[in-house]
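Each in structure tokens, the structures are laid out below.
What follows is a pair of complexes built around subunit A, which joins subunit B in one and subunit C in the other.
Moving on to the complex of A and B:
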């Protein structure tokens, strides 16, 4: 980019009093911001290359580095924000589609923050989860409409395959390729240790992750990478990926330079070739076709595993989800417009889709109205930041949540949104061996395990306060939600009452 | 003596369960009679079993199949060999749409024509190289997104005009398509290049056609390389320059 248009996003400041010229920052930054001048025996920084990931500042032994966002490079303009102007400069220079990573950072309303939870006072007792049983156990899969028992009380109804979760939170689809092997392994191991599930995405099931396959959901996406009958049968469940919240309606390209020998073996494609996932599945142009693929997978796995469908939250989501359930999906995962990604066109990520809160409320209500809510479990995704978000989602009608970004943050992600460059200094969204070895799988596994355990405790605390001792009693219990800062119409779609009502 | 199952009045799920029982009994030959649109026959089947089908099998025949052998004595419907990993399929009639979708290995030989989107996103990996041979003509979007393997369109009936439809090879970034007959530029995706069949190509093509002929009990062909066109991807990275960083 020409000098006169270079507008750094960040300003890297080095305190000369503190800096001891140890060059840690030089070695840590894959974006080559820091450089040691051997003649002057001094480290210099080029702010223009900084992505704001804070790796150098975090590892600087003397706290000599501080990174600030550059705000005043442009004249203040409420319409033409610095980001908009910088994007135009980039496109004018390179002539391409703007790429980005992670979830939508725009300041659109976060409806979880406009819903508040209930607690017991006087009229019913709250429960102390430290001293009384508090059930988070969740089963995902098709439930029977009614149960039949023999005379001796034995259950006669055949119940289809179920996923069994000790906490109603799973790791959402992140492929080996979009994230490093170490990150993939940590997710699988943490899911295994906690008693929940991780999802392969469209990256295939790595040989070394197969021991954890009982806690893996495998994806069948439009590129069918890594998919064969052994892959389907190894997993606990299969998810047909139709869409993703960060980029509904479009496919994906894993560029050839990221298809290393190991990734090529996991995806079963030649080394160095582009892995192109088409926008649609070319065998699915209708709900009937979706049913056909669901049952092809059920036949190939002989009806032993739940088969679900992941869709992005878009207009008419309730009708689409209803179609997926009627097509035979045992679970439907809905990904809201704030959902994350390793790479997506910026315009799509920031402008396509609808909030997960509305999608969930609409889908749960629709499936109940149609009397088919028990036919499939609902998994929601698209930015769950904390245990309270999870509790609100379950009260609104979800069976479980997927977390992606929160899991990456637990492993050290600083949300710089540059996953697509493959230069993740935290060793997460990269395949560069120099960078990936920064992520210790034992430590990452422990951090993920800690995260899920702490969320589990918090969910139990909140439930106890409500006087609820099993998550089943909270599921779809919208009486426990009240709205603030919401219009009548918003309250109506969310199906909840105003605070004070 | 081959095992025999009469598929009349059986739901596809019952039929396929019966086929699994045959596999468990380590039988190697199976004859299916009165097949009438039964879906998913051979889904996920490993090698060792040869299934001969009388009647018309339904959609997703041999989906995810991994080594078995299927012979269809009439037409086949849509989705034959969906995401097939290995195995062989011989169809003595026509086949419907999306034959060989995302197929990674094995062979499909069709006596007659195929519908739309045949061989879409075919891929190759290590020793696996999917091969599809179409006896007569193919519909639009032949070999779209193709990432590996070989598709041959033989135009056995010498139909006038082109034996392939439009949008042929759109998004192609691997593999090769051999067409016996004409293909106009307007029929091709922007990512496809056209060449004459060279000596090395002819070696591959001749072997494929010879195997095809053996499967259909056809005598040795009298084909020559100049009857064919070779369609191949201009780049293995067609969308490499799409993005601004």
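Moving on to the complex of A and C:
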């Protein structure tokens, strides 16, 4: 019996007519798919190592390389899919937990695609955002239920610190460590240029990113990496990370080989040591413990910054979010089961958590029922692919969205799901200097800026079509959503009507 | 259940609105406002019209005048039992009407002058709160009964038909008020239900509205946070409840309340002075759920006050005029000139800018 039963996922084909043996592919592939045989003076490819990232094909000057998914070689079986069989082979060979990167790729329903948006016809005019104001400006943070005025008409109510977004889209938590320094810098600079926020994840705040700290949300996660009072006070807001949509209930592990001198300084840990984030915070074993941490951070920052909590969308999400708000969170970030990750156990990523659409609908409804919706803003994450997804989320009740994967794709990611290997050929999810320098920060910043700008324009177009010129009139306005392909129960949980109703 | 009624979910379509207030408090008959609204006949389509009048019940000014419509005698009996259980009913009568060939399918319309004793078990509910609760309870829970209005020294008269015909039907020429507001409907979704006509009213707030509120979905959910649960079935109703919430409950100054509903643009806020900008920012941060988006022009009546305002880009017409002691607000200038041929001043208020008329002294007899 052969030791290896796994077949390649991809087939790399080289057109000999076109290939000029320039070896670009050899140099570009960190997975060592391509090899130049000096004796034969010819490049050969080993398909087994290919992850399908398209780096070689993208850079091949003669378009000689094509990459195809290996066609189904197993007997058709609806239950035992090729992926399931391959996973068993891998585990039988290696005896470990299956690891993966990026968000859940399984074919579960995407509810955004089952919700359709409204537009004005005749009885109210649609608005042209090129000619008339169309306001996306969004404030995130706790707001009072009402304003009070003195006898002389002066405003008496003080409003707490708010994050101010020109586009209701922010960059999700991605740590320096899980992504390269260049990628981190590009995210920070793009957030700064557009007027939104990027999130450090638990990678600490790099010295060179501090100039953009006014547009950074810093994370306090279970490993507490990089956290000190300066870190908290440098940022625009602080996010306590309880969970992540791709791996609810699971911690994190940055292997020691990635902990370079620079990362060691940023995370405040010794060089070369594994950076392990425990599954729970070891000082949070209950909601009252969370409240203590929220207020400890508020004290440390003198109540000048919003302090929020990020949680993964799990079964009792409405009750959990309500608890976080009552514990003092100024914003709650909810990460759905399609949320991305640098590394997660495949079983967890593909099977734990619930869709962000339902989590958002349930949380917004619950906070309103309890009369505490104004006490915290809602940020949602977990696979926002386009401007329409963002509009639908805001209409369901979100204040803003976090994007992670979309931002990485803008920088060149091809979703090969191998972030955890540290061999990202696009220079994004790697610390290898040979690879990271491929990501030009100026170009990456511009691509991210372009992405947010184009989404902003699209959101404005959609709102204009609805006849709405301020985003607060879209937020939670479920009348502008209609369902297709949804059961009564699904419509009920989403709190929307069926198309045609 | 009342919620199954064919009430328009949103009031699609165009409309005519008019409001006339004598700021000296002098009372005048309903014939003038009927002529003004009749002038804009083309802006309505015979599927709804209505009036609200202030100062019409001076002899019972301390009592809540509850105008109620019933589709059946059973609904009337059930409602009356409820009123006698919860309130002190000073006087009850059928609202007098005059046969009109264009008005058909008319329900029973009665008025009850009531007061409610404070509830010792609920010390935080004042009489206004108890009346609102009763109003909403009847609309939601009593089949075939609907409250037109329940304010002091005011009342709403409305139904299906052209407004001028309804004005004649309700004999409004025989009433005297210091403020009259009126509405002619052009709905694109026909329902033919008398309760669905304007004005919509809560306590002494009455609203006539030309437009469509695109933010209705969130305004409704926002109001639910504050207990306006049961009867939020139309977008016009939402405006009435927002006035009640912002002014009666949150005690906001009138200009602030209007600014919450039609706030300045961020670009304009940036150009404001520091204090004004801070106030505008605070309003937008806190009252985003009260922002009324979409095309509208409204005239709002309340005790001693008439307010006109439009959406913040003024997508529906609104013109104002002053003639002597009277303030006029209407969809069209022609309507004003029908009853005030030579006004002292005519002006077009800016988008979102409230026009407020208040009684200078008090109510005076003609």
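Quick note on the criterion: the second predicted complex is superposed on the first by the 492 of 501 C-alpha atoms of A that agree within 3 Å, B and C clash if a C-alpha of one lies under 4 Å from a C-alpha of the other, contacts with A are read in each partner's own complex, and residues count from 1 in each chain.
The rule is short, and it goes like this: a contact is a pair of C-beta atoms (placed from the backbone, for glycine too) under 8 Å apart; a residue touches a chain by one contact, two chains touch by 3 or more.
Keep in mind the model is a prediction, meaning the values are calculated, not measured.
Novice: On the A-aligned overlay, A:292 touches which partner chain: subunit B = first, subunit C = second, or both, or neither?
Specialist: After superposing on A, A:292 lies in contact with subunit B but is clear of subunit C.
Novice: Where does A:224 make contact in the superposed view: on subunit B (first), on subunit C (second), on both, or on neither?
Specialist: The answer is first: A:224 touches subunit B but not subunit C.
Novice: Would you sort A:466 into first (subunit B), second (subunit C), both or neither based on which partner it touches?
Specialist: second
Novice: Taking the superposition on A as described, I'd like to know which of subunit B and subunit C A:75 touches: first, second, both or neither.
Specialist: Neither: A:75 stays clear of subunit B and subunit C.
Novice: Name the contact category of A:131: first (subunit B only), second (subunit C only), both, or neither.
Specialist: So A:131 meets neither subunit B nor subunit C here.
Novice: Once the complexes are superposed, what residues of subunit A are shared between the subunit B interface and the subunit C interface?
Specialist: Touching subunit B in the first complex and subunit C in the second, no residue of subunit A appears in both lists.
Novice: Provide the residue numbers of subunit A that touch subunit B in the complex, in ascending order.
Specialist: Touch residues, subunit A against subunit B: 90-91, 93-99, 220, 223-224, 227-230, 232-233, 253, 255-256, 264, 268-270, 272-274, 276, 278, 282-283, 292-293, 295-297, 299-302, 345, 420-421.
Novice: Provide the residue numbers of subunit B that touch subunit A in the complex, in ascending order.
Specialist: Contact set of subunit B toward subunit A: 13, 16, 20, 39-40, 43-44, 46, 59-60, 63-66, 79, 82-83, 85, 98, 101-102, 104, 117, 120-121, 123-125, 128, 144-145, 147-148, 171, 173-174, 236-245.
Novice: Across the complex, what residues on subunit C touch subunit A?
Specialist: Against subunit A, subunit C makes touches at 12-14, 188, 211-212, 214-218, 221-222, 224-226, 250-253, 256, 263, 265-267, 275, 278-279, 281-289, 291, 293-295, 312-313, 315.
Novice: Help me check something: in the complex, which residues belonging to subunit A touch subunit C?
Specialist: Residues of subunit A touching subunit C: 120, 122-125, 127, 132-133, 135, 137, 139, 143-149, 153-155, 157, 159, 162, 368, 371, 373-374, 395, 466-470, 472-480.
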